[in-house]
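Presented below is the structure to which this report refers.
Every chain is named by a letter (A, B, C, D and E) in the order it is written, and numbering of its residues begins at 1.
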């Protein structure tokens, strides 16, 4: 198991460094941060000074080697725009993002799971079709459209909630709700098909045959099995906790990592972008790892299967 | 003999998209108290469906009619609650693939305990003691340790023993074993069959053994019902069936089996294939494959009627027995067809 | 005369991890562990045993699907490897396989005539589609498929008909060797007889040799000129079917035979019911692999691996038999 | 007479159309709508409409989509106080929204179609390579798949688009990287499954070359599964494009697309909501239709895919 | 005086207490908390006027810092007025002497003296000391001043030094005459000195606070100036919280807490204003004005600012080499329609690259090229244009209405027979880049940070200006006039030079053409009496902020 985990982590590290490398090259090639950060009216000497100060006038491979060398010494670089260490810049945004993505995750699961189960149990009935159509609708509406419309209704027309910003917990309601709606739709679909698959398994028939009433068959036998594939999608959502809110954060002016990323990319604030990519890669990899371990926990079959496959 | 379970004119129609297609065409069968009855037939003949239907396990896609009475209680149309109290209690069922018939995420002990709780109200210490006794009874050594294991950690034979233990947990009057050994190896099959035999005689439990393997049925059953295309085509005591098979299909099945003993001979095969339920020929379903078929067979549906010297030997063939052959001399094909044409 | 197929001491081991300790432990799964046999031209060898004994692995090794861990397989003097190069492909003209899962073995998007014409398309690219269709029709006729099925798709056929298609396809290029891996286990009794008869007839007509693998003793007996009984990756008894099935010597063979219920010997026989499951191929016991379940087990069985020996064609790998053969004539069972 | 005709009496429900089988017919409409649920029919209708629009866009658009009429800006749709000269109203530069919508649907659908095609080709090729070579090659490809999967595509697109700029061609290529890893995974899985027991092994046993096995046998066989999964890719690309347009990185003016329309229209959500809501509705309806039909196809034709 | 000081001290103490306990309703009810939703606080991420070069910073900086000479910012012609200096006078061509305002207190309580002024314009503050440059090359943020005191000093980023250099190209030194008097001395005769002293970028910093800060960055995140509000909290891209500076020399600030929150989405800003969450919003696009004003409680104020939107030409590429093509384009732009349609008539077409607040230097009779499509077509014909594509590089609404304006102009250019292609670019680097494709036409804007042509045409279009630096355009005669304009002290000569420069750059050999004057609009509560400024600063001083009826 440990070997398996180490193997996964090693592969993940390679994966993340691959991403960071690609991002490094692309970002460096894609524009000069000096003119972007200092603005088009700044004097040319300022650009020159800025480029020199940040080593942007060196060949790209020198910059790349320096960057990686610095990473191995624990230095992730400073924000060109902000001056502080990129880690600090990103770090102060992460709690803000988590403050909306974690409640949204709960919302997704709390709505999506029961809806999916209910739809599966009432397959091909009107309520199933309704739930599924709503669910497809849920993720075919662009999140910013949903966000803006919700803001229109709840902030402008009704005046119940603030439309943007991050001052009080009330400000978080609309972003959480927007993300929650969309994610719940995804989970509902997933849960439904997982549930349908499980309901066709022989052990469900066994459970009925031994005399359990249908409700108990569903709760005690179908659900735990259906939870297993659903875990994958929830795991993916956990993995995108840090970066999953790019659009929604922009819509609701929520100063999280997602919006930082948008500004940092726009400004070519390289170190900040890289740190965010590292964070995102790591959370995703970590989430995958946790999901894998959880699989073993919820699905005893995998405990041994994986051991056998681990050659 | 006292009848434990009585099936009368059971039909099952399956939702096939555009229409419902009949899979069972009025099956009638009785199971006496403590009796072992074998149900044989090739795949798709309706042998499993009969019993799943009887227990109400076919789901929403099936429409049932007819009657299934378990010790006087009608099961067709019974409420879910009523049915579930009978299932696993009075009447238990085990399935072909034991490994996938056990829930992969629950421990053995839990799955057994569930049955005990349901039907005998046992919990805690009492339940776990009983669980261990049951496991011991079905020949699983090391019961205490096994309780904490998962189905996938055990072999198929072991899982089938657990299925049997689970079936026994409700102390049923009748056990339906649907191809209990098909997925198992020969040596394990022998173990399981022995176990079933022992248990049924010990507990006075009626046993319905569904199998495609004539050998298994011959070995175990007192009485045999042969099914073909959703109908019972022959039923008799085991000896009568194998020593004096009457229906051409039954005869064909027996002749098609290779031998381990005796001189090597060319196998007698039944030509053609089993038609799917939505493409049955008119008249006797077996007629197209039957070497003795006459034009009448193509149009006339034979009823299951007593035949021969043995008590309880019935067959559904218009050519079975001299008496019938005489009687079936007549109607010209055309007139029968005309008669049968729906208005 | 050189045998058509010569299998010498082949082994196939897998590195696996099994539960044990916290992280699991490494173990060696010996799927096939030292198997030797020959098949002469026109001869059929039946390989019988329970699941997990290595029958199918043997078939795959013979076909060159998977590499050998040790030993050699020679087909008409040419070594069979698992390198799927052009030589390997060329060899397919002479060795073919029939599978258990007929639906899986056929490309569900090709018509029956295309399926059967496929070997020609591969090996005789000059043939036109029309010619292939002609050949396919004649092959269909020889396996008893009606010509009007030529345009159907596999799923529109019954299992028995599909198996006929597989057989027709395998025999299209008149191979010398046909490896049949459980060809009738998925079929109903009535169909099983049809297919067995068909194989028998075809063998008579074309004279191919066959390795016939099945778990069903009756079927093996029906089809084989010679049989070999396998247990945990090794052959425990081999000989002519009459000898092996009527005068079985190895306690495992005996148990296997006695376990088979048939309508014909109803209630007339004593059954030897073996205790327990066969051990997992990961934990093959030392010495004779069967000793854990054997009614005749002796101390020696735990220590030494018995070798196949005996008089004439009938060979047995059992210490008890060999000893009693030395000391006293074998008591009838 | 021993002929049992008891079951033969035709009742209102039981009919006996052929042979000895018994059918209980469903109502004609019920049977029809169970095979073709109304929502699927509506979705198919919308897809048909969208395809028609894609095919004939320049012909049916009443105006040039770039033609401005600065004196006629922000007129509402016909039913909301506007005129039938501009049935869906005009935008901030007085351009006819209906014409822009028609062209946008065409552009968005083309982007989604072409990029899905690219993703499909890429995914299938890599998936097959992994399945064929196994070992190191497979490890490498799996790593690429992991890398792609562990980074939300929005973020990759954000970084890359900043570099690639506004060319429609490059935009399509980039979108072509969306979802390839899913297709590669499926292609690899199915190819391995096919080689491990099924028809692919049997064809190999006939002596077929790898090209023949993968091209003539495996690919056509798994095509339906792959096509269904690509169908699901399609609406996601449309959504992604609109998300990127929102961030100002989508299809760029003077070209237009659904996302582009929504992106530029969002400032007018209060003063002229139709500018944003009309293309949003188009996005929702098309993606909804495709998803519904995709799900339906999956349920009907492809039980292997979840 | 002392009495007042005592009072002030007590007041400071009280405020401090209030701030510390945070729950002093009596106090906060006296003065409101005001929230301003902005598109961005500062682009450069730091509150240093020498780093932030975009005009967005101006609106927050005026609440924190002040210059020696100020403008009457709410007046249309932006007259100069005393700021931290009460009076100033020319000593000679190179010297201006200023008398400092007494009793001005920095946010840290220190009284402003000549030392602070001298420091603000010192090489050390500009980061131009050799030691600082050496430390910067080593990547250090601190240096040890070897020359004088061996104390540690801060190293501002390189661009600060560069910007300072540009802002003060001729400044020799600032001299302390006495505690309340300073002299600015330039190396050459400089008619713009007073203008530069009043410009954005010349704000006075507290010397002690700067020197006591741990690093330049620390100071730049929490700077100490003399403005009416002091920085409490600054999170770039998120929020800037200012608090009333109770010791402010100009009277008690009318707002208790002044928050600038970043809300990039226009719709969100408008929503937030209408839902009462924000008291002010900035950057209201002209099309949204009606939406805001449809609610009787809110209004939009604003108008033209000291910034012009330009279209800039690269005269070295393709068809653009031909001046006639460029001239044709300048005549094909329907500036009035753009102003009317896209700006709702709320801005204007200026008289070329100049502003009325240039006063003496303003050329009232100068005009932008007139809109004349026939003339434009004729010019294109004369040019022998062969249909070669002409690319217009446009950013995605970096400037308000940028994309719309570009599309309107492109349409006009097409009508005069030019093969125009809009290229949307993602950033300025791509705009200037001439390696990936021909650079021909692009958008720009020019500000005039002080009332003299040197601030705009010289800074942006002469030899050291960006346009010539990136190699888009050059003109010998023009360049010679640049020097004259910068150094001559004779008004008539300078006016003549400026006129000729405009003739060359806007008409004869067009380097750019002015599209319209930029405008800025604020949405605000109607009950707040507040005036916007053409200098883009937001003034929350007592005289510019009155709530007419009590809010809430």
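One rule holds for everything that comes next: contacts are C-beta pairs under 8 Å (C-beta built on N, C-alpha and C of every residue); 3 or more make two chains touch, one makes a residue touch a chain.
Quick caveat: nothing in here was measured; it's all calculated off a predicted structure.
S.K.: Spelling it out: a chain qualifies if it touches subunit B and also touches subunit D; which chains qualify?
M.R.: A, C
S.K.: With contacts counted as defined, which of the two, A-D or D-E, has more C-beta pairs across the interface?
M.R.: Looking at A-D and D-E side by side, A-D shows more C-beta contacts.
S.K.: Once you find the CA centre of subunit C and the CA centre of subunit E, what distance in Å lies between them?
M.R.: Distance between chain centres: 88 Å.
S.K.: When the centre of a chain is set as the mean of its C-alpha atoms, what distance in Å lies between subunit D and subunit E?
M.R.: Here the centre of subunit E sits 49 Å away from the centre of subunit D.
S.K.: Could you work out how far the Cα centre of subunit A sits from that of subunit E, in whole Å?
M.R.: 39
S.K.: Cα centroid separation between subunit B and subunit C, in whole Å?
M.R.: 32
S.K.: Using the touch rule from the top of the page, what residues of subunit A touch 2 or more other chains?
M.R.: Within subunit A, the residues that touch at least two other chains are 30-31, 148, 152, 156, 250, 266, 268, 304.
S.K.: List, in ascending order, every residue of subunit D touching at least 2 other chains.
M.R.: If we look for residues of subunit D contacting two or more partner chains, we find 34, 162, 266, 269-270.
S.K.: Multi-chain contacts in subunit B: which residues touch at least two other chains?
M.R.: None at all.
S.K.: Could you please specify the touching residues of subunit C with respect to subunit D in the complex?
M.R.: Against subunit D, the touching part of subunit C is residues 63, 65, 84, 89-93, 96-97, 99, 101, 104-109, 118-119, 122-123, 166, 169.
S.K.: Where on subunit D is subunit B touching in the complex?
M.R.: Those in contact with subunit B are residues 1-5, 7-8, 10, 15-16, 18-26, 31, 34-35.
S.K.: Inside the complex, what are the residues of subunit D that reach subunit A?
M.R.: 34, 37, 39, 143, 146-147, 149-152, 154-155, 158-160, 162-163, 235, 239, 242-243, 246-247, 259, 262, 266, 269-270, 276, 280, 283-284, 287-288, 291-292, 295, 306
S.K.: Show me the residue ranges of subunit C that touch subunit B in the complex, using the header's touch definition.
M.R.: Its residues touching subunit B are 50-51, 158, 160-161, 188-194, 196-197, 200, 215, 217-219, 221-222, 241, 245-246, 255-267, 271, 273-274, 277-278.
S.K.: Quick one: in the complex, what on subunit D touches subunit C?
M.R.: Within the complex, subunit D touches subunit C at residues 197-199, 201-210, 212, 217, 220-221.
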